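Below, chain A partners chain B and then partners chain C, in two separate complexes.
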Partner chain A sequence: MTSFDFGNAMTFLERRWEDILVLAGEHLFVVVIALAIALVTGVLLGLLVWNRATPRATAITAASVAITVPSLALLALLSPVLGLGWGPTIVALVFYSLLPIIRNTVVGLTEVPEHIMESAKAMGMSPRRILLTTQLPLAWPLILTGTRVAAQLGLGVAAIAAYVAGPGLGQYIFKGLSSLGSKNALNYALAGTVGIILLALLVDGAFVLISRYTTSRGLRA
Partner chain B sequence: MPDSTTDTPAVSTNTGFLSAISQKQRGVSIELDGVSKVYPGQPEAAVDDFSMRIEPGELVMFVGPSGCGKTTTMKMINRIIEPSNGSIRIDGTDILSMDPNQLRRHIGYVIQQIGLFPHLTIAENIGVVPKLLGWSKSRIADRVDELLQTVQLDPEQFAKRYPKQLSGGQQQRAGVARALAADPPVMLMDEPFGATDPITREKLQAEFLRLQADIGKTIIFVTHDFDEAIKLGDRIAVLSDRSQIEQFDTPARILANPANEYVSSFIGQGAALKRLALIPLIDAPLRPAVDGAPQITLQDSLRDALNMLVLTGAAAVNVVDVDHRVCGSITNASISAVLNDAQPVAFAAEGTR
Partner chain C sequence: MSIVTETEVSLVDDLKAVPDGSGRRRYGRLARIAAAPVVVGFVLLATYLWIASMQLDSIEKRTLNADYLFARISEHLVLTVAASALVAILAIPAGIAVYRSRSKVVHTVAFGLANIGQATPAVGVVILLAIVWQTGFATALVALVAYSFLPVLRNTLIGLEQVDAGVKEAARGMGMTYSQVLRRIELPLASPVILAGLRTALVFCVSVATIATFINAGGLGDMIVNGLKLQRFPVLFVGAILVAAIAVLIDWIAGLVEEFVKPRGL
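Then we have the complex of A and B:
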């Protein structure tokens, strides 16, 4: 393996930074799309199953099993059905994002303190109204935490999706891996990896803002 | 959740009754008739054949040891807990055949843990039931202002705050305001001041008495604290296991004539002193004024008078009215005479409530 040459890396960056920006944008975009789908699906599922023992156990177990399937294997399974590129990437990302979101939704809805549930009921609110106007807002910070975990997970999984020609910085990592020994192998791998780390930091920062603007002030620490 | 009620539409919505009681903000009668509750899987009933009639505008205290069934009995009235047996009527109408959600909007509910919604402001918390009842925004806003003033929270300062930004006592007041929001004729209060320190508690109790004098709701108030029951109640129900009523009477009469050992033990030490606290000087027989004696006002109780006698060592204290005119004096002997002559004074004391 060639050792790291700083001047060489700089030239590499200078030549390809536009390319890198496009890939980073795609990477972020595919993760955000998948997160949005997973958030809607996960919260809806959570709302449906939270107080029914069997469906709840089924949903959480299914999501737990899903997350243990190696991403490479999952992509290999999806590709024959969905082809290459964005399709299998988004499906795989949604697949992995569901567990933290469903689990946190269910926990959040369940853990609303008993005296608050009782107050709501004693005021004449129907169970559905209590669910939507009391439990869901109280569970929201926890749901966001789940979504944040899903986002970090997704950024990593999206890198692997380059295997099925998925969009994003994974393409650079794979290029680096497949050209080991060549002059730019390390540069490709590094650009991909560091790019993903920077995206992760960016996303985390975004979540701080989102939670600030979507959580009731009464719930913030 | 204990024993949740179903969300199915009501057997009968009884809108006639609801609109009738929603007009009656001044309190309505509550009757429980042979009401029992057996929790699933429990060998014994938590409440066994409980019957009671509560008059419109009455403040009834339930006291009894932990686990005797006070909360269970009370929660059957707003159907947070469904009775296993018996009937419950409010203003003469059977409530067990009504839509529970509709019913609950006309019954105020205050609990020890307060249960304010943490994600809503104080104003929004108070507005929950009015909103459910379809009030207009401006009517709700006016009502919130009025209620915050009633419970002595400055609307300017507190309306937009969140529950966690209030002290325990302030939260408790907001809880009372929320329960009063739609001006329900009936209020259920489960140890509402139980979690507050003694000073705050006294203050809340005094405010609450003043408020009740104004609004005259029919109130059931659960407490562990017999002294609180004496202080607040028009009548006290002393309960034992399975919510058995050992005695149901005015504070003065329970103190003067406890029905049995159980009630006596509940009253605890110092029954005489507790009785004296209930008797205002207005109702005490006065003797001629004594020159140079310490003074006490007519609004104070016999207990205050005794306190002053003991503290000053004087043979008598003079009783003065609001205009500082001396009406007469009171001595140790006249206090004893009142205690030994219990009944008439007890009735008189009741009359002043």
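Then we have the complex of A and C:
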């Protein structure tokens, strides 16, 4: 049982803020890399399956079953193959990011209004061109939403990944646990947890900006 | 198009937003319903056969036996089910209360908290509670409830708020009191969203219950952590596969229940 001591926490922060910033940077970095991989893979998969009933159902069912797998279990399963550290962390993060991205890509591509599809066709565009120049830009805001959900999820998974020596603020959370009973235990765990919450809010803000600047001009109200 | 943007809260639920394939729908649906348990069964069987064919050393024998596995599985399930039940009992009424309170501030605070809750890493909650309070089962239970409380509250609110104002007015016009409208119109119409939230909470709980091993609350996480620490891959593997199987099956059962209790008009 440890209670919070403000002065103590301030000294802790003062002494370790550089360390905390490095860990926060790593945390963000690993999530961003994984998101980039998942975004490319997920959108490509979405483009491949969106208009074929069986592959689409298979991809989405598989991804939604996959996302229910507890992250500690997945990380543990990956570690004998990929070792400890960055490897299993990135693979696990990509794994969990795929569902929201694929699903939103498919929904976005499918739900382009009929009249827009028809006008594009009437202008003589080939199906592939319609897909890439009409449907994809229209689906983009939704794909970004999926990516944002994946980012939130990923920041949490990355925290657990510290157990298999993954990078980031999770290390502080586990340090808190392993120093249970000492006076800095609470400070470590708090710094890690609050750091991740702040990162999540920051990332959310970044997504607002990204979606503003990457959404096709016609869609911006 | 806004369906997904608004309900992105619950990751597992809005599968339905994806349109069904047109032809052969029946078989497709059946295949999709049966897919999860069949795959799980197959994986479990394969794991069993693999382990059975192995020469186990004494450490492995101590964990890879029916008694030990059964004890860990029941700890895991008790933790998950107890936490989800508590969340249902606490968060749904709380959501209704927030919805009924006409104050804007309460709504904003509830949504703001729900958003921050979503951004909070589960390990952080579990470990912080263990540090400030104690380790063990009770702490894990409280952490799980705290962690899945907000998504359910949020889905309850979203579900109630999306009920068509015209329908509510019609019900009022028929002479129903406010609480009748709530019980007979709003709650049934909101039930799919509320249930989706509960389903998410269940799956969350299975996942977070795995982490409970860090604070000595038992469960299948024990096997994963022991397997990692003692370099016994079979132990780790069986623990991870079992917990994954439980998560998938619980999500599957929740999906069936969702389908089954959906009001007929929807």
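Here is the rule we go by: the second predicted complex is superposed on the first by the 220 of 221 C-alpha atoms of A that agree within 3 Å, B and C clash if a C-alpha of one lies under 4 Å from a C-alpha of the other, contacts with A are read in each partner's own complex, and residues count from 1 in each chain.
Just so it is clear, contacts are C-beta pairs under 8 Å (C-beta built on N, C-alpha and C of every residue); 3 or more make two chains touch, one makes a residue touch a chain.
The structure presented is a predicted model; accordingly, all values stated were derived computationally and were not measured.
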(request) Kindly classify A:S126 by the partners it touches after superposition: chain B alone (first), chain C alone (second), both, or neither? (result) first
(message) By the touch definition at the top of the document, which applies to A:I116: first (chain B), second (chain C), both, or neither?
(response) first
(request) Tell me which partner A:T214 touches in the superposition: chain B (first), chain C (second), both or neither. (result) neither
(message) Tell me the contact category for A:T134 with respect to chain B and chain C: first, second, both or neither.
(response) first
(request) Figure out whether A:T11 sits in contact with chain B (first) or chain C (second), or with both, or with neither. (result) neither
(request) Count the residues of chain A touched by chain B and by chain C, then name the partner with the higher count. (result) C
(message) Give me the intersection of chain A's contacts with chain B and its contacts with chain C, in residue numbers.
(response) none
(message) So in the complex, the part of chain A that touches chain C is made up of which residues?
(response) 1-4, 53-54, 56-57, 60-61, 64-65, 67-74, 76-77, 79-80, 99-100, 103-104, 106-108, 110-111, 141-142, 145-146, 148-149, 152-153, 155-156, 159-160, 163-164, 170, 173-174, 176-177, 180, 185-186, 189-190, 192-193, 196-197, 200-201, 204
(request) Could you pull out which chain B residues touch chain A in their complex? (result) 1, 4, 7, 78, 80, 100-105, 107, 109, 111, 113-121, 128-129, 132, 162-165, 178
(message) With touch defined as at the start, can you tell me which chain A residues reach chain B in the complex?
(response) 113-128, 134, 137-138, 216-219
(message) Give the list of chain C residues in touch with chain A in this complex.
(response) 1, 3-5, 8, 11-12, 14-15, 17-23, 28, 32, 35-36, 39, 116, 118-125, 127-128, 130-135, 203, 206-207, 210-211, 214-215, 220-221, 224, 227-228, 233, 236-237, 239-241, 243-244, 247-248, 250-251
